[in-house]
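Submitted below is the structure of interest, expressed as structure tokens.
Labels run A, B, C and D following the written order; every chain starts at residue 1.
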Amino acid sequence: MIVVMKAHSNNEEIQHVLKFLQNHGLSGHLSQGVERTVIGVLGQTGNAGLPSGIGGITPGLEDSLEGLPGVDNVLRVSKPYKLASREFHPENTTVEVPVACVADGSVTIGGKDVVMMAGPCTVETEKQLMTAAEAVRKAGAVILRGGAFKPSTSPYGFRGLGEKGLQLLAKARHEFGMAVITEVMTPSDVAMVCEYADILQIGTRNMQNYMLLDEIGRTNKPVVLKRGMSATIEEWLLAAEYVLSQGNKNVILCERGIRTFEKATRNTMDISAIPVAKTLSHLPIISDPSQGTGHRHLVGPMTLASIAAGTDALLIEVHPNPDEALKDGAQSLTIQQFNELMPQAQAVAHAIGRDFITR
Amino acid sequence: MIVVMKAHSNNEEIQHVLKFLQNHGLSGHLSQGVERTVIGVLGQTGNAGLPSGIGGITPGLEDSLEGLPGVDNVLRVSKPYKLASREFHPENTTVEVPVACVADGSVTIGGKDVVMMAGPCTVETEKQLMTAAEAVRKAGAVILRGGAFKPSTSPYGFRGLGEKGLQLLAKARHEFGMAVITEVMTPSDVAMVCEYADILQIGTRNMQNYMLLDEIGRTNKPVVLKRGMSATIEEWLLAAEYVLSQGNKNVILCERGIRTFEKATRNTMDISAIPVAKTLSHLPIISDPSQGTGHRHLVGPMTLASIAAGTDALLIEVHPNPDEALKDGAQSLTIQQFNELMPQAQAVAHAIGRDFITR
Amino acid sequence: MIVVMKAHSNNEEIQHVLKFLQNHGLSGHLSQGVERTVIGVLGQTGNAGLPSGIGGITPGLEDSLEGLPGVDNVLRVSKPYKLASREFHPENTTVEVPVACVADGSVTIGGKDVVMMAGPCTVETEKQLMTAAEAVRKAGAVILRGGAFKPSTSPYGFRGLGEKGLQLLAKARHEFGMAVITEVMTPSDVAMVCEYADILQIGTRNMQNYMLLDEIGRTNKPVVLKRGMSATIEEWLLAAEYVLSQGNKNVILCERGIRTFEKATRNTMDISAIPVAKTLSHLPIISDPSQGTGHRHLVGPMTLASIAAGTDALLIEVHPNPDEALKDGAQSLTIQQFNELMPQAQAVAHAIGRDFITR
Amino acid sequence: MIVVMKAHSNNEEIQHVLKFLQNHGLSGHLSQGVERTVIGVLGQTGNAGLPSGIGGITPGLEDSLEGLPGVDNVLRVSKPYKLASREFHPENTTVEVPVACVADGSVTIGGKDVVMMAGPCTVETEKQLMTAAEAVRKAGAVILRGGAFKPSTSPYGFRGLGEKGLQLLAKARHEFGMAVITEVMTPSDVAMVCEYADILQIGTRNMQNYMLLDEIGRTNKPVVLKRGMSATIEEWLLAAEYVLSQGNKNVILCERGIRTFEKATRNTMDISAIPVAKTLSHLPIISDPSQGTGHRHLVGPMTLASIAAGTDALLIEVHPNPDEALKDGAQSLTIQQFNELMPQAQAVAHAIGRDFITR
């Protein structure tokens, strides 16, 4: 951490900062330039409650320093996350998911191959789910998505079938051999969802629901952590840090579009988040081009773009009859469209030396 | 709702839309212009589960229509919220809060006068809280703020004293006669926080924590609903709709800055949200210039700006010794600064024909 | 255009709107719903100065309507641009550029194949330019980029060699047979730049420099129109409309990243703009992953992502010695990195059924 | 400037950075911490072309350093602007404008008092302009605004009367004694506009039209520099630096709203920009609540908020008959509304110890 004093700050102010640092068990290294003085902070600035070896800046400290008289700015030098950071864990993390329909009995997310997760946005009826599941399995998906608990921007919208929906998902898994990924929205539902699902999904609006992150961190289940719609990559990795610090290593990041000024798309898919996250973190990262665009005709191009950029998996909404979808019909692919997309996705994966795990 | 067909859409596509509407108990009114056809949707597009008389567009319907072949765009005509809407509730809502230190024994938020709520960002120690409480009471605040449960972007940051913090807040209320406002972060804490606090605060990161909104909606307590850092005003009012629709009418909106590209401030305070919200909704709206700017020297100007724009209350962070604050020290006012701010705030309130309730 | 009245607007207000429309040679079609009245605007709302057959909403009209008493909102039904719109020009536009080093003597941008444009960000010295030009030509680029006039955020930054830079570009064209693309920043430079360059580039900060758009529109040269860093796709197509309406049909859109809250990248590359623009417009669209990310290690992934999403060309910064670049060194590829990228780009192009034109 | 190396960077990489600095006449001060090495850059990093005493970071240098192997990040310590910076010019700048209708014959912008500038968005007809001018003068405005050259997002919109409009403005000045402020859009118009106007306005879309900034900087006229709709305050002050560095000291900043995700307002007025700019710079700063909100009913509250936050002047659109305005009618106040606003504005100004100069 570096404390930048204002130009023309006086010696009293500088001494005050040094003393403050001392009181916190740190020391300051003065560098007096032509225009201004800069103070390098030395010593362990981490929080005492951290596992040994993990440093980092105590947020409160940075804040307080910034407020001291004469201080212009405090610049952070290290990243505020450690467990999620590639700097301290150079090897890629891979997450194993049990999948009955593939030869090995499991798929690896974050490994050499790309994984397709598909299914309806929401579990609406048994027939709808089974039809979608059968179709996506045929086309090459190995993990089934479907929402039982849906976040609805309006209190009057459909909120999902709840446990009934989870049961249908489990039935589909049994029937078609795909693993199941579904969203859990509140800590008190975590245990129940763990019984039915293979991967827990934390939705964009819950990326900073810290109680939920803690609760899920205390399980062993693979977790897909969706980026908050306005979360910086740093905040996203700090959210991952919550889960990791509770002991659950199986965290998968998911880019699903961010909020910008552009309204032609529901969100703006931040494809660069894929290579950026892979540079900063060792965690796998996947893409949701359905939420990420909000429009059916954009799902294909953004799927291919994600693969070309290095995504480890896709999470695509497919509905047997999107016209009748209770939610998000406009962004769901038809079964035919999904069938057409898979070989295109395969071709792009091959072009970058990867393959889709489909059996 | 209006369905705009693409230019050169064919009759088959138009008929398909009309049939779709029919299947949903609606009808379409065709308007065939030179360039394109536009279909007005008639009939009750609301969700059957709504209280009678409350219409509105079922989100799923709008989505599905948008995905139909030949459809360019679907334009919504009515607002998606009703209980929060001034169009259906023209009279201002006022929220009563019991406050022992004022003559009437209660203060009205959203009435003729402006209310000052102040205190430390976080309850750290008994001494810190009592010192701050005594000082802000003296200066004219009637409601004490202080966090017992703090959202921390990093898992290594200070998260608050929990119930112990609530007890200290209750003690301060007893001692100084101010009402207490504090944040509750998860549904399972709602009951406990209700025992100690007079106003429940829903934080920016929880504005779309729907389980939490529902739980709080089932209480009677006044609620301060902070705007999500990237929430549109419409999404904000829909979040209010969640609380209102559970039966709790005592909802107070709070502008606390939104996320933009500008980094000179921690958030960008959206002062225009005050008059905009008052136009669209009947709910009181207050301001948090501390979170809203992140910098101590900006709190004063943004307090005065909020008052001039019509805010019903301020929520200001004051710390006896900000240098030592465990969180957000850089944006906390010192006691002296708060003492200087109050008369300025009063002067601006008078200039627009209002007053601060201080005794 | 549709005028949405406020709920409970009165008949006087409705009549006022109808009369206003009448005064402007339009008529209104009343639709009185349960909650509110909606008025469809009929008749030609276009500007009299437009070429015959081109309608559209006069911006002033929409504005004025919105301000009438009782009006809640005005919804536009048609797009405000016509010449740029695919709805009225369904066939793709292709732009021919003379290129000596390919068999045909020209390349087509927006046709079946993808085009590589590469070179240094800025023309610094003859040696630097020739070295870069030779290298990128060898690797497969057919169009040379290089800035002679550079926009500099700071008045103290390097602003380019001016005409001397243009002369060096012309020399490189002569030597290596590539066409030249370079930025022109002000109307009075247009004629001069036309003498030296094959493609004129309008930079992101000049997307709404209307005088410049007009001037360039009066030439015949191919134009690359960079998206404003905060321009909606609609504003971007309206800027294209400026150029097109002056008679110059050779407009190529270029996505170069937009401004968002994320600071890990210099801009956020909006890959979805590629398929969105292709849906709304018939103009070719290309990508600049160098400006779009600001970081060398991201240029490769975003190049591949752009190709997978359907881009018609890339515009990549390559410097023989980025450490010594006068501008934007951090985002320039080395020659070796560019050599490694080309075959990867080819592979992804093949995967989607396209090829790079390289000879 | 501080170069932060990646964790585990090797000695070779560190030496490479030190050598690079040496080659540029700088030196590096190594600070090797537990996790990583940080290198403080010492020596004059400014551009040789600057007036003596003016340092600052050469943008190219920062960029190049960031691209060196092993470098994680480069942190800038000083501001990139000097002439605009309060750190080097602690006294407020005031700008004198000749105004015949006040006792002194001139008004000071940035001094003790607040100034009202008002008039129509665009000069449409002589009658419209004179009616508006007379009315705003009566109500207390001392400077008349009116556009002769209008930026129009659509090529089909009204672009202003050009020189004819300037002549009408000059006529109104002669008649009512107010100074005139009007926008100039391109360098070749600067001389002509200087003949007619007292204050030149640089519009939001031209904030980075560097040729225009240079040209205007070569005049002596007071300049109102509107913030780019997505410009950071730093970029804004760098644009001011362009004008200042050409010798024109009379630069006035104008906040007019920034682009955000919120669509309820045309732009989001950034009121905090007022105190932030006053902290970072010595230049006066004024507000445009008309462009800043886009809606008539918001202009009043945002005017009062701006005054309370410390604005030095307002720039308000007033039209005798907004229903018939050729542009921006929805945000123009009627004459009656402006008459009602002035006393409110006065009251708020008094509340913060200031006054409006009206005679």
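FYI, a contact is a pair of C-beta atoms (placed from the backbone, for glycine too) under 8 Å apart; a residue touches a chain by one contact, two chains touch by 3 or more.
It should be emphasised that the depicted structure is a prediction, and the values quoted were computed from it without experimental measurement.
S.K.: Tell me, please, which chain's centre (mean of its C-alpha atoms) is farthest from the centre of chain D?
M.R.: Between chain D and the rest, the longest centre separation is with A.
S.K.: Identify the chain pair with more contacting C-beta pairs: A-B or B-C.
M.R.: A-B
S.K.: On a C-alpha centroid basis, what's the spacing between chain A and chain C, in Å?
M.R.: About 32 Å, centre to centre.
S.K.: Just how far, in Å, is the C-alpha centre of chain C from the one of chain B?
M.R.: The computed centroid separation for chain B versus chain C comes out at 39 Å.
S.K.: Using mean CA coordinates as chain centres, what's the chain A-chain B distance in Å?
M.R.: Here chain A and chain B have centroids separated by 27 Å.
S.K.: Two-or-more-chain contact residues of chain B, please, as numbers and ranges.
M.R.: Residues 230, 259-261, 263 of chain B each touch two or more of the other chains.
S.K.: Can you name the residues of chain A that touch chain B in the complex?
M.R.: 20, 46-47, 49-50, 54, 56, 58-60, 63-64, 66-68, 80-81, 151-159, 185-188, 205-206, 208-212, 229-230, 235, 238, 241-242, 245, 259, 296, 322-332
S.K.: Along chain D, where are the residues that touch chain B in the complex?
M.R.: Chain D residues touching chain B: 230, 232-234, 258, 260-265, 268-272, 274-276, 279-280, 292-293, 297-298, 301-302, 304-310, 344, 347-348, 350-352.
S.K.: Okay, in this complex, where on chain D does chain A touch?
M.R.: Touching chain A: residues 2, 4, 6-8, 29, 31, 33-36, 38, 40, 42, 44, 55, 75, 77-78, 87-88, 259-261, 263 of chain D.
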